[in-house]
Amino acid sequence: MELDEATVTSILRVIDLTGVAGMAVLGGALARTHRLDAFGFVTLAILSGMGGGMIRDALLGQGPVAALTDGAYLLTALIAAAVIYLVRIEGRWWDRTWPVIDALALGCWAVVGTQKALAAGLGWLPALFLGTLTAVGGGAVRDVILNKVPSILGGNTLYASCAILASGVVIAFGVLDLPTLGSLVGLVVGATVCLVARARGWRLPEGYEPSLTRAGAHTLELGRRLRGSARLPLRVVRRMEHDGPPDPSRH
Amino acid sequence: MELDEATVTSILRVIDLTGVAGMAVLGGALARTHRLDAFGFVTLAILSGMGGGMIRDALLGQGPVAALTDGAYLLTALIAAAVIYLVRIEGRWWDRTWPVIDALALGCWAVVGTQKALAAGLGWLPALFLGTLTAVGGGAVRDVILNKVPSILGGNTLYASCAILASGVVIAFGVLDLPTLGSLVGLVVGATVCLVARARGWRLPEGYEPSLTRAGAHTLELGRRLRGSARLPLRVVRRMEHDGPPDPSRH
Amino acid sequence: MELDEATVTSILRVIDLTGVAGMAVLGGALARTHRLDAFGFVTLAILSGMGGGMIRDALLGQGPVAALTDGAYLLTALIAAAVIYLVRIEGRWWDRTWPVIDALALGCWAVVGTQKALAAGLGWLPALFLGTLTAVGGGAVRDVILNKVPSILGGNTLYASCAILASGVVIAFGVLDLPTLGSLVGLVVGATVCLVARARGWRLPEGYEPSLTRAGAHTLELGRRLRGSARLPLRVVRRMEHDGPPDPSRH
């Protein structure tokens, strides 16, 4: 079977816009939880779906960002935000559909971001960085705006790692001069690993703790030493609200 | 009466810089509440007054942002920050003056941002987006830095909506080939609606809740399902601190 | 002794990359406190060490940001993040070494940022702003992502002020047409003042409070008036957790 570049581009575009719509729906659910108004729904939709690409293009510094020059993005986010504002999208079918949209969008955005970085003449490491940023940046911006530490930084199943993987595939196939195949393989690999990781609960490990007993003492010591210490007790309080009192064996 | 383009440009510039100074004063009041030092006062002044325009120009990607090439901006913010740092600006006259400055700056920034987007060749929807971002972005950045969910996203009287309105007026008059008149009308309409909304307490509705009883259950369910759930109890606690226990009829 | 431009450039580059590595180590300690995973370690390393320069270059709008075109930056941050992820860097030697790295990086980044701004044809005030932003922006972004008010805004010993000082030295020597000497003097002055301020506990004063009794009442009044009021009680709570009940004489 011959691989048609135009077909792959079309597939990526459909997934891209579907991902924007999907992120708008997730953003809308968060907006409802936080009791935001209609403008809040729209803002979360735009930032979740396009934030990563906007930051990528601002860092690339090559004219207006794609989210503004391609009118379809804002329109998609607006329509999806309007729908989720009026209708609560939920239920079993959504709980099954959303992870698939999320995983495909993750792979797609990593692929597109990596391609853009390579097209701008950047090396493989910046391309990995921009591919991953494109994929996870929007969700991270949304989390920060909603006043929480971005979930991609810890405590979730493999997510950013799948973007790195997809981006790496694109780079490798680019070296082999097979960019179109690379896009497709990157998308499929990134999305698949994301879905499998979610199903199996695969996570990245936290920072290595040399010894459990020492570690507990160190956490407290670090809390005292670092300027950021004021955060620690609050997080502990929150964790306790949700998980009950901290289990000493975890420290 | 003939409408002189230079006059309108001068009016916009005066309001623009007055708005920067006004945001510096508001930022200073927040800096005092948060017990920040002199550098904190200056930072909040610059980010509140120029943050929206800076992000707009970074997204447009057409050379250095206006806040840096036009020396008057930083100077205005610095002077205003120094004044509010030394003198507590307050009292009845300020409580009456500030909303007018705020509303005029909102309209002015939406007009200027929309003009810039149109001048860069963008369509009407990106122009609406950039006009609104210019008007409300600085305050949102300030809120995020002070560790709270931006107030423009919910719970306040019409604000971002007035920027959207002003931006829409500019776009409509641009289509009619009356850009100068459009700037003036956009400014007046945006500022007026903002002031009236504040006086009358007009707000955007929150996301639609299909049924009160179901909604309460859903909020909890969403809280469990979404990764962002840790925020919810904290917000409820805060709301209770300020408003007393939550009114079940509101859920 | 003749001052060789290439030597100064080399010195700055070594300090620049050492600073990126140092910030990665600090970011790693914070990542451990917040129980982030490996991706969180890398993200904090990149944002802490390069965030200021990235924002500077995005605001300058002159092509891809330096953190992406110069491959050494990302590589340094990655390696340092990997080391701190695996090994807990700590102990007396680190407590003595870190402040020196931190102070040198602060001075170096302020110098480099100011030079870039001047090279882009900006005036002295925007150059001061970009120099300072380069030096302190990364740490501020890291703080915001970790959900706390940036420590540079208040409550710490002189830090941003040292960047402003270093930046001012570069500008002054630029006027005297001695840019190479200016870089070196700016670096040394900025780093030295930062270290001395840390040792002596020099701080910037908080906003002036006209009268102690009035001020306490005002803080409450402001808390009621401003939309940002929800933050206040939480901060008070936090401060109490750390400092014991608030001392009324401090208000």
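Read from first to last, the chains carry the letters A, B and C; within each, the first residue is number 1.
The rule we apply is simple: contacts are C-beta pairs under 8 Å (C-beta built on N, C-alpha and C of every residue); 3 or more make two chains touch, one makes a residue touch a chain.
Computed from a prediction, not measured in an experiment: that's the story for all the values here.
Undergrad: Since chain B and chain C are copies of the same chain sequence, what is the angle of the rotation superposing the Cα atoms of one on the other, rounded to the nearest 5°?
TA: 120
Undergrad: Have a look at where chain A meets chain B and say same if over half of the interface residue numbers show up on both copies, different if under half do.
TA: Different residues, largely: of all residue numbers at this interface, under half are found in both copies.
Undergrad: Could you tell me the distance, in whole angstrom, between the mean C-alpha positions of chain A and chain B?
TA: Averaging C-alpha atoms per chain gives centres 27 Å apart.
Undergrad: Chain B: which residues touch two or more other chains?
TA: Where chain B meets two or more other chains at a single residue, that happens at 58, 61-62, 144, 147-148, 155.
Undergrad: Mind listing the chain A positions that touch chain C in their complex?
TA: Interface residues on the chain A side: 58-62, 117, 120, 122-123, 125-126, 129-130, 140, 144, 147-150, 152-155, 160-161, 203-210, 218-219, 222-223, 225-235.
Undergrad: Chain A touches which residues of chain C in the complex?
TA: For chain C paired with chain A, touching residues are 26, 28-41, 43-44, 46, 54, 57-58, 61-65, 67-69, 71, 74-75, 78, 84-88, 90, 95, 143-148, 151, 155-156, 238-239, 241-242.
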